[in-house]
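Order as written gives the chain letters A, B, C and D; numbering starts at 1 within each chain.
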Amino acid sequence: MYSEKVMDHFMNPRNVGEIEDADGVGQVGNAKCGDIMKMYLKIENDIIVEAKFKTFGCGAAVATSSMSTELVVGKTVDEALKITNKAVAEALDGLPPAKMHCSNLAEEAIRAAIEDYKRKNGLLSECEMAGSCGRRCDDIHHDHNDNDEEDED
Amino acid sequence: MGEKLIYLDHSATTYTKPEVVEAMLPYFTQNYGNASSIYSIGRESKKAIEEAREKVAASIGAQAKEIFFTGSGTEADNWAIKGVAYANKAKGNHIITTNFEHHAVLHTCQYLENDGFEVTYLPVDENGLITPQQVAEAIKPNTILITIMFANNEIGTIQPIAEIGKIAREKGIYFHTDAVQAIGNVQVNVKDMNIDLLSLSGHKFYGPKGAGALYVRKGVKLISYMHGGAQERGRRASTENVPSIVGLGKAIELATANIDEYNKKLIALRDRTIDEVMKKIPFVKLNGHREHRLPGNANFSFQFIEGESLLLLLDMKGIAASSGSACTSGSLDPSHVLLAIGLPHEIAHGSLRLTFGEENTQEDVDKLLEALPTIVERLREMSPLYESVKRGNQNV
Amino acid sequence: MGEKLIYLDHSATTYTKPEVVEAMLPYFTQNYGNASSIYSIGRESKKAIEEAREKVAASIGAQAKEIFFTGSGTEADNWAIKGVAYANKAKGNHIITTNFEHHAVLHTCQYLENDGFEVTYLPVDENGLITPQQVAEAIKPNTILITIMFANNEIGTIQPIAEIGKIAREKGIYFHTDAVQAIGNVQVNVKDMNIDLLSLSGHKFYGPKGAGALYVRKGVKLISYMHGGAQERGRRASTENVPSIVGLGKAIELATANIDEYNKKLIALRDRTIDEVMKKIPFVKLNGHREHRLPGNANFSFQFIEGESLLLLLDMKGIAASSGSACTSGSLDPSHVLLAIGLPHEIAHGSLRLTFGEENTQEDVDKLLEALPTIVERLREMSPLYESVKRGNQNV
Amino acid sequence: MYSEKVMDHFMNPRNVGEIEDADGVGQVGNAKCGDIMKMYLKIENDIIVEAKFKTFGCGAAVATSSMSTELVVGKTVDEALKITNKAVAEALDGLPPAKMHCSNLAEEAIRAAIEDYKRKNGLLSECEMAGSCGRRCDDIHHDHNDNDEEDED
């Protein structure tokens, strides 16, 4: 099901934990849906120097969290914002179709943490004020039961 | 994996016993005749099928002619429910079931709802039990079928089937029970329990997959579900699957022969697991009734963690188990069974089902009890939900 | 019996090839994991299933995701026809088929007729053929499905499937074909032939019984038939029958690999049988088209005698065959196929189907040709119908 | 399916053939239904001294014909008329349920032959004039197809 890379990041997640004096913290997802990702960023001179995470979720959620923290470190805030869910998934050698939403969660967690950083530092443009939270479960999961019509995968 | 697999998912499926495979083998390559044929090798197939039918019948207290072989437990459920519904719609259109049936029953009922039938989904209590009283009260003049599972596949709760059967019989309403999880694990007698239709499936008691049966009490009005040839006395079409039927017969014979001993063994494994897990791991809940449950079933919810992660880490330790997490059920929500017993979504996601079987030993339980607390703790350490608990904000 | 069995009933069922059984075996006792589980042995099952799916797809020119495993050919037929009918009833309620389909199609259509659908049963000609023209003319504005079998199981006639597919596609009507007898015997390509749905069954090409598949072209509107769990991408419920699916995959791979060679072999056996029987035995008729027929099928009607007696006497000589006699079909009338091609009842009762397969040799044909004339003559001598013929009153 | 006795009588039928100067000949069944039984009797002093048959039909039809000829020989006409289908079936160690109609055919064939004998000899009572012929196929066969209701066997 999962690639070796996913399993590696799940079994040996990088950067698990909290950053006490984080410059940005973002939490996305909700327990009802079965996954929550919390991302902590340390940012110096617009560059992300440290990233940590905590995740409640499936193997893919943990692995994408881990991979995201690796991807953002060393990047500028703007570069980090350009990390797409696709990039996270690719860095993990792919995710099963049903798990692609986990990579969305990672993308959203980075955005949320950066938003928090910007907010704290008065850097938020107006359009960014519309947050990415408040997803509903059915945005992310597929209902596979009695799907009598042709599915789209 | 290297190490021996510790398989604790017998409710999902069992291996097929070597004796069962042995019994099946000749029917693939040698006695492969079509059982509907009149030449020798066809007649041998027919004979083998009728022997298997006797065995299935004997194991549930039925007559051989009341047993019809199907391709699975799911097919038996679909047939029983649709078959009774469409055969008796002149009499009424109301069906009574519970809200925590297997999907083979639940989705079939939902399908019928779309076709003009009315279905009452009785709510189970926090242990997954319904009362005969609830059933009695739900009966209406247009009720034609009561379908209630014998034992639940996730939390193992066993229903008061004989009492429900009595009520159904008194009211003259057909009573079907999905006994897929019960057969081979608890004593079932269709006559004593006033069961009119019963579904069973071979791969839950060390028989082959793709081999089920429906018991239909003589006299029950039921239309066919699988249309085609005149097999199974004209009631279930398709070339008889001789090897699987033979395997089903052999497996049910073995499974019911020393069921009491088997039960004792499973209960010992289950009870120790439940007691120790509850003792060793905080923030845990046992799902299902403590007494009225399948001998081999232990089902827990561990707060703050998600089931798939738990299963993956157990798998790395060579332990195979299952979960009611949405991530593993392929659906939007966590297990409808766990929601039915009132678990909040977030708790349901952290569920773990352990179902013991024949080859398990107390050493397996030792290993489980060694691995599980560490794994749960590890995942909790990673969980943002656990943070706040540790900080004393224990809103649980 | 003592002697080696001469099995000439491959259209009823084949033995399962030892290589196929070999491929299945590990999935009974070792890799028995539930394919919907996420632990290792579950994932292995899943992988095995997907490999089998690729093989089935490749053998008929489909994509893997267009293949859904079922419990039999009958289930595939029921699903295809009911599934399309109920999914598209807003568009129309008319179905076109023929009057000599397998019962799995025919009885399903009759079931739908009772549920408000309108079915046109196209009459076949004396060889069992229908013309694309007939199909085109039967199409009405409310036609939603055309279901016509690829090759007939009794008389072996092969229909002009590609031409019918073309018409259906042009008119935007779904086209299902029951290819249970065709797969492994003739080349089938669902894309080239414009087939939207296709049924197949493992035990007709040396695979296991109780293992079928339905090809559903991407985009076809079809409701589920077997309701329950989310297996087969949510479209066909029930725990995956891993050993049988693996066996089906292996069998179809073997069967389609050297189909041309296999065909040549069967045609040689068939043609010699047909030629010699027609020459050696008087009052005999070949049923089915002389050219457009399955490579391994020979079907005769012998006047003045009844099929079951014929089969019993052949069986005593170690030859297994089948007949369309009422006595062997378990129904009131002789084979509806033989009646559909215009045979009078009394002639239909005396039919003999010989279907050759892999292990047959010209020596088998020798033995058949030695036994058959004597047996036919013996039964005729006993027949009150033959008396009058011998007396010169040959009203035949 | 068939008992050894049935198979024996099918494989080695007794008394196949015709009696040129038979005293009674009866034919029942019809080709459309798939079975015809023709019975020849030689009767001397009200006692059946010889019986022969010809049959078009299944194994059970041949076996019951053969058995019937054995049963009638040596019996008086009245005794022969008392031979029931059950007796024929029992003498064969039973018949499969679906084949019981064949034993009816045997009973009928005996009756028809005796009737013919009585008619030729002016022995027919009025009520016997209502023959036993003219069966329809569905009197004897069961329809097993899509028998959705409980069957009665």
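Odds and ends about this structure:
By definition in this document, a residue touches a chain if its C-beta (ideal position, glycine included) is under 8 Å from a C-beta of that chain, and two chains touch if they have at least 3 such contacts.
For clarity, every value in this text was computed on a predicted model and none was experimentally measured.
Shared contact partners of chain A and chain D, listed by label: B, C. Pairs A-C and C-D differ in how many C-beta pairs touch across them, and the larger number is found at C-D.
Computed centre separation for the pair chain A/chain C is 53 angstrom, with centres defined by C-alpha atoms.
Centre-to-centre spacing of chain A and chain B amounts to 38 Å, using the average Cα coordinate of each chain.
Listed for chain C are residues 38, 103, 107, 110-111, 227, 230, 234, 308, 312, 330-331, each touching two or more other chains. Residue positions of chain D touching 2 or more other chains: 143-146. Residues of chain C that touch chain A in their complex: 38, 43, 46, 65, 87, 218-224, 227, 230, 233-235. Listing the residues of chain D that touch chain C in their complex gives 7, 10-11, 13, 16, 18, 27, 31-38, 54-59, 61-62, 98, 137-138, 141-146.
Those residues of chain C lying in contact with chain B across their complex are 1, 5, 7, 9, 12-18, 20-21, 25, 28-30, 32-34, 36-42, 71-75, 77-78, 102-105, 107-108, 110-111, 201, 203, 208-211, 226-230, 234, 237-244, 308, 311-312, 314-315, 319-322, 328-331. Chain contact summary for the complex, chain A toward chain C: residues 1, 144-151, 153.
Those residues of chain B whose C-beta lies close enough to touch chain A in the complex are 103, 107, 110-111, 304-306, 308-309, 312-313, 316, 325-327, 330-334, 344-346, 349, 381-385, 387.
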